[in-house]
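Below, each structure is written out as structure tokens.
Shared between the two complexes below is chain A, which has chain B as its partner in the first and chain C in the second.
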Partner chain A sequence: MRKSVAYVLVGIMGMSMLLTGCSGQKEAEKSVEHEKTEAETTPYGKYEETVVYTVGKNTPGSPRFPEGDDYENNAYTRYMLEELNIQNKNEFEAATGDAYNQKVSMAIATGKIPDVMMVDRTTLKQLVDNDMIADLTESYEQCASDRIKEMYDSYGGRALDMATFDGKLMALPSTACDNVPTFLWIRQDWIDEVGMDAPATLDDLEKILTAFRDKDPGNNGAGKTIPLAISRSIGGSYGALFQADNIMAIFGSYPRQWLKDESGNVFYGSTSDETKEALGFLADWYKKKLIDPQIAVRDDIESTIVNGQCGAFFGPWWAPDYPLNDARKVDEKADWRPYIISGKGDGAITAYTQNPASEYYVVRKEFEHPEILPKIASLLCDKLVYEDYNYEPIVAYNKANVDSGVKPVGILVNYSTATSDMYERIQKAIDGKLDPEELNIDDYSQYLKCSDYLKHPDEPSPDEWSGYMSRMVGAKLMYETEVTGVDPVYFGQTRSMKLKWANLNKLEDEAFIKIVTGEEPVDYFDTFVSTWKSTGGDSIVAEVEEEIAQQ
Partner chain B sequence: MIRSKSFQSRLADGIIWAVVLLMTAACLFPMLNMIAISFSDKSAAAGNMVGLIPVQFNLDSYRMLIEDHQFWRSFLISVLRVVLGTALNLILVVLMAYPLSKSSREFRGRNFYMNFLIFMMLFSGGMVPLFMVVNKLHLIDTIWSLVLPGAVPVFNVILLMNFFKSVPASLEEAARIDGCSKLGILFRIFLPISLPSLATIALFSIVGHWNDYFSGLIYMNKAANYPLQTYIQQLNVDITKVTDASQLQNLAAVSNKTLNAAKIVVSTIPLLVIYPFLQKYFVTGMVIGSVKE
Partner chain C sequence: MKKKRMAGQAGYHAMLMPGMIFLIIFNVVPMFGILMAFEDYLPAKGIFHSAWVGLENFKYMLEIPDSMIILRNTLIIAIGKIVLGTIVPICFALLLNEIRNKLMKKGIQTVVYLPHFLSWAVLAAIVVNIFDYNGPINSLIQSMGHDPILFLGSNTWFRKILIGTDVWKEFGYGSIVYLAALTGIDPGLHEAAAIDGANRFQRLRHITLPGIMPIIMLMVAMNLGNILNAGFDQVFNLYNPIVYETGDIIDTYVYRVGLLGQQYSFATAIGLLKSIVGCTLLLSANGFAKKFANMQIF
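And then the complex of A and B:
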């Protein structure tokens, strides 16, 4: 009796394997060669018959669709249908992050991936190894617009290199434009209150922060002021809020980056002697209560900035949009200003650069129209931005605050200098050298805020202040600051990283925070480094060297 | 009134009262805080400046919530899921627990089924195989994917089985002598006396179905089909990084704590309404069902 059940089970399993095997073959046979039409060889050629493509859609937190619209039918999909005659059908939709990654893993596990989807680098490699995605070399050549190619080239080839395997372009990456240097954002009104000058060096900053601590310019009550807020992870996240990267770079430390030393050896930035020195410096500030005493448990740094407890933090040019916009709404007098803190006070700084490819879009191997991806990229990142920026339905979307993440394919391609370019354009428009009507929708709305700000700079509304402070002050400072870039040599994930990296990361996080908060002495860093090396770090360094050598 | 209470007993009463009040407060404060945030000014909420009383009272977040049709869609899906799922759970649990409560002399396969159930409770196939089964059965993106995989909660079956076992055999005998069929015995004798247990199981099901976000996350491929808790879970987005200026305008909207608080407040209302009706059975049901004679 039991045996027969087992036989039946084995039979079922065998049959299902045969069936899936068959269906796989059939699909492969489908793709027959045929004469290519104009639509298949040009960026903006329109297909004669509607091409329906399936998508794995990573969704934003809250899309805020107008009534009736959804991820398969909205202003963007209608625009794409109108322009290229293509329509998406979503195989799955899931929030960006874990939920989406899970769906992608499941799709790969079941062998049925959508025609177009976004993946991270590890998954990209997996898909390439298993021969599941299409070679895009030819379609990119033919169907990416000139401007899109120019944009990718502005990263000096690094962006596309990340998606190229054995000379074949296997994915189109979203680009991440330069967003360094980050600045010290500090309460100018507090500096004035304590009667000091603007900071330029770490010494200046230390004096100001000490005054913030002792004189309580924000009237928070004794001991409640947080002179400087820093993230629990300390540093190593490119262009992000609350990192201590600016301070650490002064010591020559670039945490969480793969770098090469003078003799050409690969090393991990978090384990360098410079990092030890930088952490020691931060530990000293922590001991002096210049850094948030609750750094180890603080989840919501933004709230301390908004409610006026915090006096300074490091952040990118867009900090006035978030979180300073809320700070301004709570307290009109909160006068946050950006400053460059450099080693010698001359304003020249070093910063590590980032991976220019932030995410990868791939096309399923058997899909008949692999050129659809470069065509979509050209349409959404070139034509829509530079020609059709007045396209009424999408303008209406922007006004109604519909999240731009509702595009069926979220690929973002832009120049590496996008932020500085934006500053230049808005500045020109303000100076009257450029007709504001020619600005794209995003720039135009910022231009309006900036020009409104300039009409009454003494009492701007919070939104005008945010627009001006980010675009005209922050982006300008970024544009004018001399940065020596330190290029990390590796961004990917090696074989053993899959197993060991999570633990090594945890070890690193804990060591950093323990040293900074004084729970362990600075020399604990050496213990951390030797544990890091012996529990997998050394072999990963070797693997990284190996992979770099292969490139 | 008893006046002759000793000092110790009054002290003990005081301490008990203090502890109970403290615990009540600990449970109540987060909810009150959430309600206060939902009625507060957005920036004040971002600055963690709201305690138990709304700061700059306004209804903006509720006004925005009413316009969010996906919220209401998900709300309806959740209600449907609870009704369907709970009904299914109750039917299957009763039909399974009754035969299992008989001895293996009366029901020959009993031990096999019992061991099978316990085995299932201890070892599961894991998430990916489960997903593949649901996928192959074409349940993805249907309400059935939310109710069928968990249609037989084994723990509840055992709970009810033990309760049925504790029903005196003489009751059943009497019914049989009076000519009642087996199904009749189940529905006319067993069910009426096990109402407290059923209420308990129903409550478990309702709460479980209402609060579960994970199955919605896995089995629903369209965001439009998300049940409410999945929808709410998706609101938590971590922002520290922006790669393109065009993403900036989305930032402020995502960090809207007041709107999210309003969503959570509205989503807890159904359970708040149901609890008082079922709670009186809840305590007795647990005790009766779990104690074996």
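And then the complex of A and C:
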């Protein structure tokens, strides 16, 4: 049976493609004669009949729904039904990350994709090649609000360029507002317990982690404390949780990024000498048991943080919302604080910047209402935020810390400077320099949490703590830190990557984790680099150079 | 005459139909998918319109070191499972057969069947906990004064754990057929041997084992068909990048590269390699069986 599974999938794929191929043509003919209504040509025009659209939903780590609500029926879906008369039906729901990506891959393989879904850049390319998604150029022109267009334009066109193929806009990207630098989040109460000072350099951090390991400030039992948690991918995911990027950047290593060296040659960050050095450093920490000994098999780092086993991790400014909010609910003494770890201890750091388009939302080709996507983006990222900010159900959601990832379509469009703007506005409102009533919906609910926190800073509720720690402490640290940006030069997918990239990725994942865990010596890195180059890396580097030269 | 025979067998043919239809839909029709291995397959264009690339996917397969690694892993794991998965149930059935207390016999039988009915998604969680740093096995090792071992992240242990846990899961269920065969042995033979002074072990060796030998051969033959199925669901739920070197098998590789990496053509090429190797092994096993044991599987 099992052996036939692969063939069966292949067969189903083939057959369904033949079938959808035929039906697709018919629908295309039908839509030609269709006269467009007002709802179909304006951002906020309401449909006369409810439009039901299917969604591939990537779900957040902990949604925290109020009783009775779910992904198809919550404050956001009701708001959208009320405003635009649209209702989502979820084709599949899966946790953001591998689980969701697997569902998407399966959906594409079987040729049955939902009407609206989120994909990464590689998958977007695949969908375009396969002619499975709708051209959004016209819908964007007509149905995106002026402010949405202004937001995309604040990235100087780079955001939409990433979603444009042959002059056609094939997806709407979420914009990645500044999420770097990430910083060290560490248990301040543990630092106090072992009687040490706040860390500023890697040496300081090593001493603190050693004390965590030896003195067991969390009373977890000998050997059960995880001083520092790191993801088993080690590094290279922009602005994500549990990456070692902060440490690696001190060595000048920017893994998984396409960069240019001083003489202008393109190279892949994972294969640089600096990366070798950084991995060697991490391997030393692993050997000293400062890094989670089970890093290779750890699937759920969050739970070690929530149950008080873990002492430190690297993460972005929003870490207090997730996963630390849950940690506070379990132990309200868990005093997580952010610190900048820099090479010289002066707080000046380097970090690689990111493609302004972080994820892409696409519409299925045959779907009758491709304009639904720009309409949703306008409604959720403009109208709700700037006009309907007093909309009670959603203000209540934000106060109760319901994850904003429960929106049926999680598209996020914002100005390039959104995070620091947010910090500035909330700070002004708290200082009384700005009327809180003028804040937009996200900022207003966070302002309420922060001001509640300040009323009783010694015993805040977990939600008040999260609001204050992320918006006022985390975002402030990010805003004030001096960052030298290293700009990657390429984000796309070259010709050979299609066949060879998955395998090179595997090689990379394997080499990183093996070196860090000491399964292979640091010099194994050289073997990895030469295999990487000979099995396609070299030709891909050449192609990247070629594509950059053409730009 | 002929017509009459057909009429008599119509019922049997009808019973055969569902199986045949199943076989055609799931095993014969998808065969056309093999074409994908020679194409740069795009789902939108379909199997018949994608660009033909000839042997390019196979060339790349030979170029990368992974092909040999996954083939080797698949063979080692599958053979380990077939060998142990045959010996252990036989031994267990023989031992169980010697138990005279009916209640105890049934009790043991039921308990060892249980894991067979659980899926690997569930069992993997149990296995992960048992072999965890703070799990029972490592506690035992630590209490004896040794360092804990990260079993599932160790290339020395990973295959052994795969084979061991698979045998543990299936041996109870696998023994059913042998227990059934044991009841088919004429008790008169045992009585006669006992009168002639044969002890229990001698009776086992000369009566019981030869008695169930045909069934053993049949089961081995049937298992050989699975020789390259090292168990996708088990490996998939237990592995991680560190043990790709010893634990990554053809099926998991095809899944990762083909369905997650969306390289349908390359994955099909690898899958085809699996079929070719499997077919060769099966034919040679049949040849050997015919030559040395004078038994033919098909």
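For this structure, a couple of remarks:
In this section, the second predicted complex is superposed on the first by the 332 of 551 C-alpha atoms of A that agree within 3 Å, B and C clash if a C-alpha of one lies under 4 Å from a C-alpha of the other, contacts with A are read in each partner's own complex, and residues count from 1 in each chain.
The rule we apply is simple: a residue touches a chain if its C-beta (ideal position, glycine included) is under 8 Å from a C-beta of that chain, and two chains touch if they have at least 3 such contacts.
The structure displayed is predicted, hence computed values, not measured ones.
In the superposition on chain A, contact of A:513 is made with chain C only, not with chain B. In the superposed three-chain model, the partner touching more residues of chain A is B, compared with the other of chain B and chain C. In the superposition on chain A, no contact is made by A:455 with either chain B or chain C. Residue contacts after overlaying the shared chain place A:433 against neither chain B nor chain C. Once chain A of one complex is fitted onto chain A of the other, the partner contacts of A:333 are absent, as it touches neither chain B nor chain C. By the touch criterion defined above, A:499 reaches chain C but does not reach chain B.
Once chain A of one complex is fitted onto chain A of the other, the partner contacts of A:97 are limited to chain B, with no touch recorded for chain C. When both complexes are overlaid on chain A, the residue A:405 reaches chain B alone and has no touch with chain C. Where the contact sets of chain A with chain B and with chain C meet, they give residues 102, 106, 109. Every residue of chain A that touches chain B in the complex is listed here, in rising order: 59-65, 67, 70-71, 90-97, 99, 102-103, 106, 109-110, 174-177, 179, 231, 237-242, 300, 302-308, 316, 318, 321-323, 325-327, 329-330, 358, 398, 401, 403-405, 412, 414, 418-419, 422, 442.
Touching chain A in their complex are the following residues of chain C: 26-27, 29-33, 36, 42-47, 57, 60, 63-66, 128, 132-134, 148, 150, 152-153, 155, 226, 228-229, 231-232, 240-242, 244-245, 251, 254, 256-264, 266-268, 271, 274-275, 278. For chain A in complex with chain C, the touching residues are 2-11, 13-14, 17-18, 21, 101-102, 105-106, 108-109, 111, 122-123, 126, 129-132, 224, 232, 293-294, 296-297, 498-503, 506, 509-510, 513-514, 517, 519, 531, 535.
The part of chain B that touches chain A in the complex is made up of residues 41-44, 46-49, 68-70, 128, 131-132, 135, 217-218, 221-224, 234-255.
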